[in-house]
Structure formats: C-alpha cells, structure tokens
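Two complexes follow with subunit A in common, the first pairing it with subunit B and the second with subunit C.
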Partner chain A sequence: MAKIQLKNLKKSYGAIEVIKNINLEVHQGEFIVFIGPSGSGKSTLLRLISGLGEMTSGELLFDGELVNNLPPAERGIAMVFQSYALYPHMNVYANMAFGMKLAKANKEKIKKRVLDTAYLLQIEHLLDRLPKHLSGGERQRVAIGRAIVRNPRVFLFDEPLSNLDAALRGTMRLEIAKLHRSMQNVTMIYVTHDQIEAMTLADRIVVLRDGQIEQVGTPQEIYEKPQSQFVAKFIGNPEMNFLTGSFSTHLGCSTLGIRPEHIDIVPHGSGVWSGKLVHSENLGADTYLFVEIGADKPLIVRQNNTRPIPLQSKITLNPREEKHLYRFDSDGKPVLAR
Partner chain B sequence: MMKQTFKNTAFYIFVAVLILFSVFPFYYAIITSFTHGGALFQVQYWPKHFDFINYKTIFSQDNFLLSLVNSLIVATITVICSLFLGITAAYALGRVTFYGRTLLLLSILAISMFPQVAILAGLFELIRFFALFNTRWALILSYTILSLPFTVWVLTIFMRSLPVEIEEAAIIDGATPWIIITHIFWPLLRPAVITTGLLSFIGAWNEFLFALTFIRSESLRTVPMAIAFISGASEHEIPWGIIMAASVVVTVPLIILVLFFQRRIIEGLVLGGVKG
Partner chain C sequence: MFTSELNLQARRRRIAFLFLAPTLTTLLCVTVWPLVRTIWFSFTDTTTSHLYEGHWIGFDNYLSLRTLASGKVVWKGTLVDPAWWNAVWNTLYFTILSLCFETTFGLIIALTLNTHFRGRNLLRTAILIPWVIPSIVSAKMWGWMLNDQFGIINDFLLNVGLIREKIAWTANFDTAMISVLFVDIWKTTPFMTLLILSGLQMIPPDIYEAACLDGVHPVKVFFHITLPLIWPTLFVAIIFRVLDALRMFDLVYILTPGSSATKTMSAVSRENMIDFDQFAYGAAQSTLLFLFLIFFVSIALQISKTKLLEE
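Up next is the complex of A and B:
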C-alpha cells in the first residue's frame, strides 16, 4: 500500500562500502525482486528498508514520508526471514498474535485477524502447535501468516524459500504469487538469488552487483534487453554463451553473447559456427549440447525434442535471429546500432 | 561375548566407585547425625539405631531457625539481583555492539578468577562506605558480586547462541528491548537461567568467609556461621552429632531445589535444541 523511494542510499561498514548510492522508486502494489550474487548487497538493502540496518546516508521515503529515523515497528512493514524466525516457545496462534498484542489491540480483534489469516493460508489446524512440531513448509506459512496479521504497508521477504526443498519451493512460490494477487495494493520486496523466483514472481527485477543497481526492469526486459554483460550472464539458465576474439570482432564488439535456446542446428555449410559435440546433458524435455567450436569454452546449445546426436559428431550452428545476438564492449556495456 | 561382559562389569564397578567416593561423606554425615554420646566415637558404616535427639536439639534453638530464615532471605535476594543484572548485562554483551565489548567480557572473566580473600579488604571498605556493615544487605551485595561474573559469562554465551532473526522478528513486531528480554529471551534462556540461578543460590547459601566478616549480630547469622558457632557443653567438646544434624537440615532444601528444577532444565535444553 505504499510507494517507496530510495534516494542516494549508502551504507558502509568502516571503510567498506556495501551499498553505493542506490536510487530506486518502488510503485504502490508492486512486487519487486532484488537479485544478485552473494555479497551484492541485496539483503543489506532490504535491511535498510526494514529499519533493522541503519543507512550511512541517503533518504528513504514511504508514501513521500521520510522514515529514516522511524523504528522498524512504526514503518508499517512485515518481514519474512529465511530461517522462519518463529518464536520457538510460542504456539502458532501466539506467534501470529504477538505483534498485535504488543500494539495493544483488543483481544477480539486479534482473534478475528489471526483466524482470518490462518484461513487464508490454510493453517487453521496448526494454531495450537509449537513451531518445532511443524514441517519446513508449514513454518514458512506461519511466518508469512505472522507478517500478514500485522497488516503492513510493505512486505519484505528475505530469501524465504531457500531453506525448503525443491518441490516445496515450487509450491510456496505459487502461493506467494497467489498471495500477492489476492492482496492488491500491498507492496512486496523480495530478496532472492534464485532467478526462477525472480522471473516468475516479480513485476520488476532489480539486479544488484557490488552494492549498485545493475539494471531495473520487468522480467521480460531483463531477459531480452540486458543492459550489461553481467545481467546477461546472471539471468538465464543455462547461462548465456559468450564469444570473444575473432568470433566477435567482425561484429564490432569485444564480446558476443547468445543464449543457448537461441541457437539452431543447421545443415552443414549454412551455419556461422561449426564444431564437434563434446558432451550432452539430457534433461528429458530439453537437451543441452556442448559444442567445441574453437572458443574458450564449448558453446552450449539448448534443443528440445531432438533425436540423440552421437558424441564427437560434427555440427553446424546458426543463431536463430539476429536480434538474439547480444554485443558488448570491453566494459561489458551493450554496443548499440552498428 | 566374554569381552563385552567384562567391559560392562568394569564400567559398573567404575561407576560404583565414583558414586561411593562422592556420596560417602554425605552418607557418613547423615549416619553421624543420628548418633550421640559415646556412640559418636565408634566408627560405624551402617546406622544401628535412629536417634532424633540431635534434630530436636537444633530445632529447639531459636538462633538456628533464625539463621535458616536469614540464609533464605539472603540467598533468594542474591539470586534475584544477580539474575536481573546478569540477564540484562548478557543482552548488552551478547547482542549490542559497542566499543570495548570484548575487553569488558574478558575482564569479567578475569574477575571471577580472584580468590575471595583478595577482595575481602576492598569489599569491607565498600560495605562500610555504604553503611551496610552488619546488615543482610552486606551479604546480598557481596554474594551478588561473587556470583555475577559466572552468571554474566554463561548467560552471554547462551544469548549469543540464540538466532538473531528471532530477535529481529520481535523488533519488527514492535518489541522494545525490555519486551525482548522478558517475552523472548527469558523463556528461551530458561535452562541457562535456572542453572546459573541455582548455582548462585547454592553459593550464597553455603558462603562462610564474607558472612563471618560482615556480620556481627547473632540474629543476623546465616546457616554456615550458625553451624560453625554451635558449641558443646564444655569448650573441650565438639558436638559432632548436632553439627551433622544441622548440616543435613541445611542441605535438604538444596537437594529439593535441584530435584525440582532438574526437569525444567532438561525440558529447556530440548526446547533450545530445536531450530525455531
């Protein structure tokens, strides 16, 4: 329910600058995902927004109101932690009611809100259990419930699914997406290092690197128009192929990027690259082919529904369309029109 | 098979020796407390007859009963003071980053290494300065000082082992440091709190040197002093039977305390061992 503005946000520990001058505007009701490798400052940035961490300089505004000096509880935020951070000695009901109880809300109101939330998340049958008697997924659901009960302006998620196994992660991802749809106008900021979560949940993705914003955009924009070689490499699985030297110079760039899914196998003599198949990974629906074309690393080609190709056979490859070629200069910035 | 049996037997023999070694003095005290007169001076390992006269004697002395009350008051208030200061200090030392924290922690540890005698003179000055000489507060103050280093140290280490996220979740829920201590840390720290509380109670209950130095009035004596001052019919007689009876009487409350809290300690340890 809030518009969030970050203006020239900086954070340093001693001489080490972990957040370097961040400017960002999060719209009301938006689902924003911070993504970046470890050490990129994404969690630190979330902590600055929550108020658990103190910024060194800059301004943080919620709905135009400066909240720099407001304690976390008065910012109208709720946070879901990676380790769930449930109170181990309280049952689920008490865990969810704790915030409202501290705010001195009346008992009936608390009860109604907790029960409504429990209904929403289908955890009504768990209300009198202790966290230690819950499974990982149930714990995270309770943690999300505790956040909802607070009726926050902004939801903050700090890698909430990282402790869950792969199958459960998928289910919970779906639930968070559903939650966001059902709670219209609630702003959500979500930190993750998992690009699938970022791509599927986000309205906009913020890619962070070394405490700076590398790119902000919709998942589509980030995938199709990466503003740097870093973003291009970071988003996409398997990651983008990068070719240098003679492969790129004749196209007027120092590095040429192409995603594995944008390469086609073509008849001999008609393609741009040709080489020997050195390895292949069959994932069922897709097969990743590793083709040695004389570059630093084998070129990865993603194919679906192909008949198996024997190892060591010679393959000719061609980019599907010219727009799928990404050209970067020596600083990793995109080269625009030739 | 034979080897296994031998191992088991050896193990239980070892355990038996250990138990005998640690329990025998107390057992002998109990036996002695039931004998009197000439029988005291015969070595006996099994109680032959139960004679409650020693117990009757000590309970008929007002001073002994009074000393029990004194000890109870002093030890209880000491526990309350040292736990209050200990938990709040542990919060600061375990959770709040400030300049010189490690130095402070190390000096607290260093303080606990001093022998009691070393601080006796300084403490005496302190107590005179606060005009506490010959009051129960003199003992409460000195016992609190005595038990604090250990309490703070143990609680700090325990506090550090609790996940920070739980505290942060509470901060976001709007909890003040005081609420965090009382609603979050206190229940989670309970095993450590009970352990340190018990130890400071036992320390205060059994302490002798400070009690001897800071208390003059007979009516303010604590139990260890009262026992030390029990005298026989003549100055040549040490009334071992009565002394032993008194010792048994003052030990029983401690045993009851430990047994009572034992279950809580175990329950708490299990609670703390599970990831929240």
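Up next is the complex of A and C:
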C-alpha cells in the first residue's frame, strides 16, 4: 500500500561506490523487478529499501514519509530471502507466527492469520513440520507465507527462486504472479538475474548496471526499445546479434543490433546478408541457426519451422522489418532515426 | 570369478584389521588393561609396598560389616568413609560451580568474538593462551601469584584497599576452593568459548536479518533463536567439561596439596594408593569414580538420544 521514492540514493563501502545516485519512483501496488548482472547492485539496493543496509546518502520515502532512520521492522515491509532464512528449530506454524507472537498479538488472531495464509499457499499440511523436512519449493512457500503474515505494505523478494530447479521455478513464478494479483495494494520489489522472471512478473523492469539505472520500463518497452546496447544484449534469449564494421557503417552507426527472432530466411539474391550454416541447435519448437556471414561471430537466427537445413548450405537472410534494426553509437547509445 | 571376489573381500577385511591393529593394541595396553587391573585390585588387600601379594577379599574395600565381641556392629570401607564423601562433595561442588561460570563467561566472550570489529582475529587467538599453557605451569604460576608472602594478588588487593591483611589464598580452608575454581575458570573458559563460537558461526546470518524484519528485540533473538540453535554444540561442550571436571586432579594437587577443602575423588584415591600404602582401597575409590562417570555419560547419551528422536 505504499508509494516508494528513491532520491539520489548512494551507498559506498569505503572508497568503492556500489550504488551511484539512484532516482526511482515505485507506484503503489506496482510489481517492480530489479535485474542486472552480478555486481550491478540490485541486491544492495533492495537491502537499502528494507533497511537491512544503510545508505551513504540520499532519501528514501514511503508514501511521502522519510524512512531513512526507521528500523526495518517499522517500515511495514516483508522480505523473502534467496536462502529462505527460515528458523531451523521452529516448525512451519511457529516460523510464520514468530513475529506476531513476539509482538504479543492475540493468540486467536495469530492462529487465524497463519491458517488463512497457509490455506492461500496450500501449505496447511506442512504446519507442524520442521524446515529441514521440507523440499526447496515448500520452504520457499513457507518463507512467502511468513512474509504475508506480517501483512506488509511493501513486499521484497531477493532472488527467491534461484535455489530451485527449473521446473519448480516455473511453478513458483506462476504462484508469485497469482499472489501479486490477489494482493493488489501491496507494492512488490523483486530482485532477479533471470530475464524470464523479469519479463513475466514485472509491471516495470529496472535494469541496473554498475550501481546505476540503465533503463526503467515495462517489459515490452525494455524488449522493443532498449535505451542502450547493454540493455539490448541483456534482455532476450538468445542474445541480440551485434554487427560492426562494414555491416553497420553504411547504416550510420557503430554497432547494428538485430534479434535472432527478427531475421528471415529469404530466396537467394533478395536478402542483405548471406553465408554458410555452420551449426544448428534444435530445441523442438525452435531451431537456432548459426550462420557465418563474415562478421566477428556467426549470426544467430531463430526459426520456428522444423524443416531441417543441412549444415554448410548457403543461406540468404533479411531483417523482417526496418523497425527491428537497432543502431547504436560507439558509446552503446541508440542512434536516433534519420 | 566368484571366488576372486570373495578373496577381495577377505583381503579388504585383513587390510582394515591391519590398519586398526596399532590403535586397538595401544588402547588395550593403556586403557583396558589398567582399568581391568584396577577393578581387580579393588577386590583384594594389595598394598603399595607389596603390589603382588594381595589376596581376594571381595567387597571389603567398598563396604564390610563386622560384629565385634561386644556385639557392636561396625561398618567399614570406602562407602562409609567420611573422607571419601567429603571428596565426592568437593568434586560435585567444583564441577557445578566451574561449569556454570565457564559456560556463562564462554558464552559472553563467544558472542562478543562473533561480532565484527577490528583486531577480532588477534583476540580470538590471544584468548586461547590460558588453555594452551600446561596445567602444571599455570597452577605453579597462580600458586606464586596467590602466595600469602610474595604473591602479587595480595599486594594488589592490599594497595587497592580491598583487604586489610594478606590472605593465604590456597592454604586457607575457606579460600582454597575459591582459588582452585578461579584458576580453573581462568584456564578453561577459552575452551568453552572456542566450542560455543564454532556453534555460533554455523548459524546462517540471514536468519538474524529475518528476525530483524520481524522486529524481534535482540534479547529475545538470543533466547528464541541463538540459544536453541547453539544448544547441540553447547550440550557437547558441557559434557566434555563435566567429564573433565569430575576427574579434576592436577590443579588441586599442585595448588592446594593435602587440603581437605579441595580434595577431589581423584586426589583422595591417589593419596590412598601412593601416600597411605592402601593400594587396593585407592583402587576401589578409582573404580567408584569410574562408575560415577559411566553413570553420567549414560544419562547424557540418553538425553541426546531422546533429543534426536524428537527431531
């Protein structure tokens, strides 16, 4: 239930500045994802918001109220940790009730809240088990349950699915999306390095790089209108192709980017690039073709037809549409359309 | 094919036995044999001056009953010996008090060392020094420091004005036990600290962060999170310490020789065996001490087993 404002936020450890002047406004009920490579400061930024870490300078406001000096427990936040951070010696019920119990809440009220949450997350059958007798997915559910019981105005997730296997990660992703829909007033901030989680969960994505915000936008905007070569490369799987030298200069840019899914195979003589197929990866629904066109690296082309193309055959390629060409200058900034 | 596999297994067993043999032999020589021998001696009338001339006398060293000509019934043996029961009381008193202080101090120091501050590593090493010094050396050292004539402690207390005249700390009946306890606590607290610290370092730090978000008061965090989580380590440390304290001998023997205020079970047993020429009688007391330890260990094992079953 909170609007969060970050104003000129900075954090340094000694001489090393890990968060460099971050300005961001998170709307009430919004699902924001911080994404970036390791060392980009995304977890540090989350810890600053939670109050577990102290900022060096800047202002943090919840609903317009300065919370810089408010201890974590009084900020109305709940956090789900990557390692779950469940109390190992308490059963699931005690884990979820712990905060309320020590806050001397009414026993009946605690019970009702815990049971309601357990019902919501379908963990009622686990209530009297110890964390060590739970699977990874169950533990993460309990950790989320413990956070819900706190009835927070801001929900923080620190890479919550990183310790789960791929299949479970998919299931839990859905659960978190569902949770967000059922708690529409609660602002959620989610840290991940997984672009699928970012793209599927976020209302808006914040791409971080070296302690700075590289771009803020909806998943669609980030994917379609990357504001830098870094963002263009970071979001999208397989990665965007980047062409330099003679491939880009005649288009008035230093680097030309095009996503593998935006390249078509065309009849000989009609395309702009041609080359030899040197490798292909068949993923079932899609095939990634690696085409040697004389650039630094083979061009990756994503095809969703399953008609096999023999290796070493000559292929001609063409970008699907003009708008799919991304042009960047030597600083990695986009070159505006002529 | 089948036979060669069998051979392989037999060979493995033989090699395993070969590797175990030195340890088993050593244990047999230095532990099992002396133990069996001591128990056997306790049922004889062996004296220190005539070690090989003892005769079987059954339980007389433990407890025997004689009816005198006058018709008076007389009980004899260790179990009715006031000196023995004094030693039992001294040992228990020493064990309980030293354990309480060492655990409390160890816990406080370990909690301090578990936080981040400059020079922590240096302090961690430095704190072990009292434990590393051999008992005899530290007992002699403290013996001099506590000396009534030349001791630095009397000198200090006099100068500060806490005492009016010099006190013979180790010789005085009322202060002898305090002296022994003091030196033992000084010496053994580092051991407790080290064990507890290892337990503390196994607690994942994010649990404390979760508690911080839950708004749990630090004191409650200690009692509800830290203490339950280091309890298994603490339990092992306490057992080690109790077993050690129940066998206490060196400090008592060197610091307060012959004082009935501090004489422990081990000390009394040695006194009978060596000083009083009552080898078998001392052996009986050693055997009783052994039973005492066995009893304690089995209780401890029972507790840890039920604890394990609960989980």
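Convention: the second predicted complex is superposed on the first by the 337 of 338 C-alpha atoms of A that agree within 3 Å, B and C clash if a C-alpha of one lies under 4 Å from a C-alpha of the other, contacts with A are read in each partner's own complex, and residues count from 1 in each chain.
Throughout what follows, a contact is a pair of C-beta atoms (placed from the backbone, for glycine too) under 8 Å apart; a residue touches a chain by one contact, two chains touch by 3 or more.
A quick note: this is a predicted structure, and the numbers were derived from the prediction, not measured.
*Asks:* Would subunit B and subunit C fit next to each other on subunit A once aligned, or clash?
*Replies:* Clash: subunit B and subunit C overlap once superposed on subunit A.
*Asks:* Between subunit B (first) and subunit C (second), which does A:M199 come into contact with in this model arrangement: first, second, both, or neither?
*Replies:* A:M199 contacts neither subunit B nor subunit C.
*Asks:* Pick one for A:S50: touches subunit B only (first), subunit C only (second), both, or neither.
*Replies:* A:S50: touches subunit B and subunit C.
*Asks:* Applying the touch criterion given at the start, work out whether A:P131 contacts subunit B, subunit C, both or neither, answering first, second, both or neither.
*Replies:* Once the two structures are laid over each other on A, A:P131 reaches subunit B alone.
*Asks:* Report, in rising order, the residues of subunit A that make contact with subunit B in one complex and with subunit C in the other.
*Replies:* 50, 52, 71-74, 77-79, 81, 83, 85-89, 98-99, 102-103, 146, 150
*Asks:* Under the stated contact criterion, what part of subunit A meets subunit B in this complex?
*Replies:* 50, 52, 71-74, 77-79, 81-89, 98-99, 102-103, 131-132, 146, 150
*Asks:* For the complex, give me every residue of subunit C touching subunit A.
*Replies:* Touch residues, subunit C against subunit A: 204, 206-207, 209-217, 220, 224-225, 228-229, 311.
*Asks:* Subunit C touches which residues of subunit A in the complex?
*Replies:* 50, 52, 71-74, 77-79, 81, 83, 85-89, 98-99, 102-103, 130, 146, 150
*Asks:* In their shared complex, at which residues does subunit B touch subunit A?
*Replies:* Interface residues on the subunit B side: 163, 165-166, 168-175, 179, 183-184, 187-188, 271-272, 274-276.
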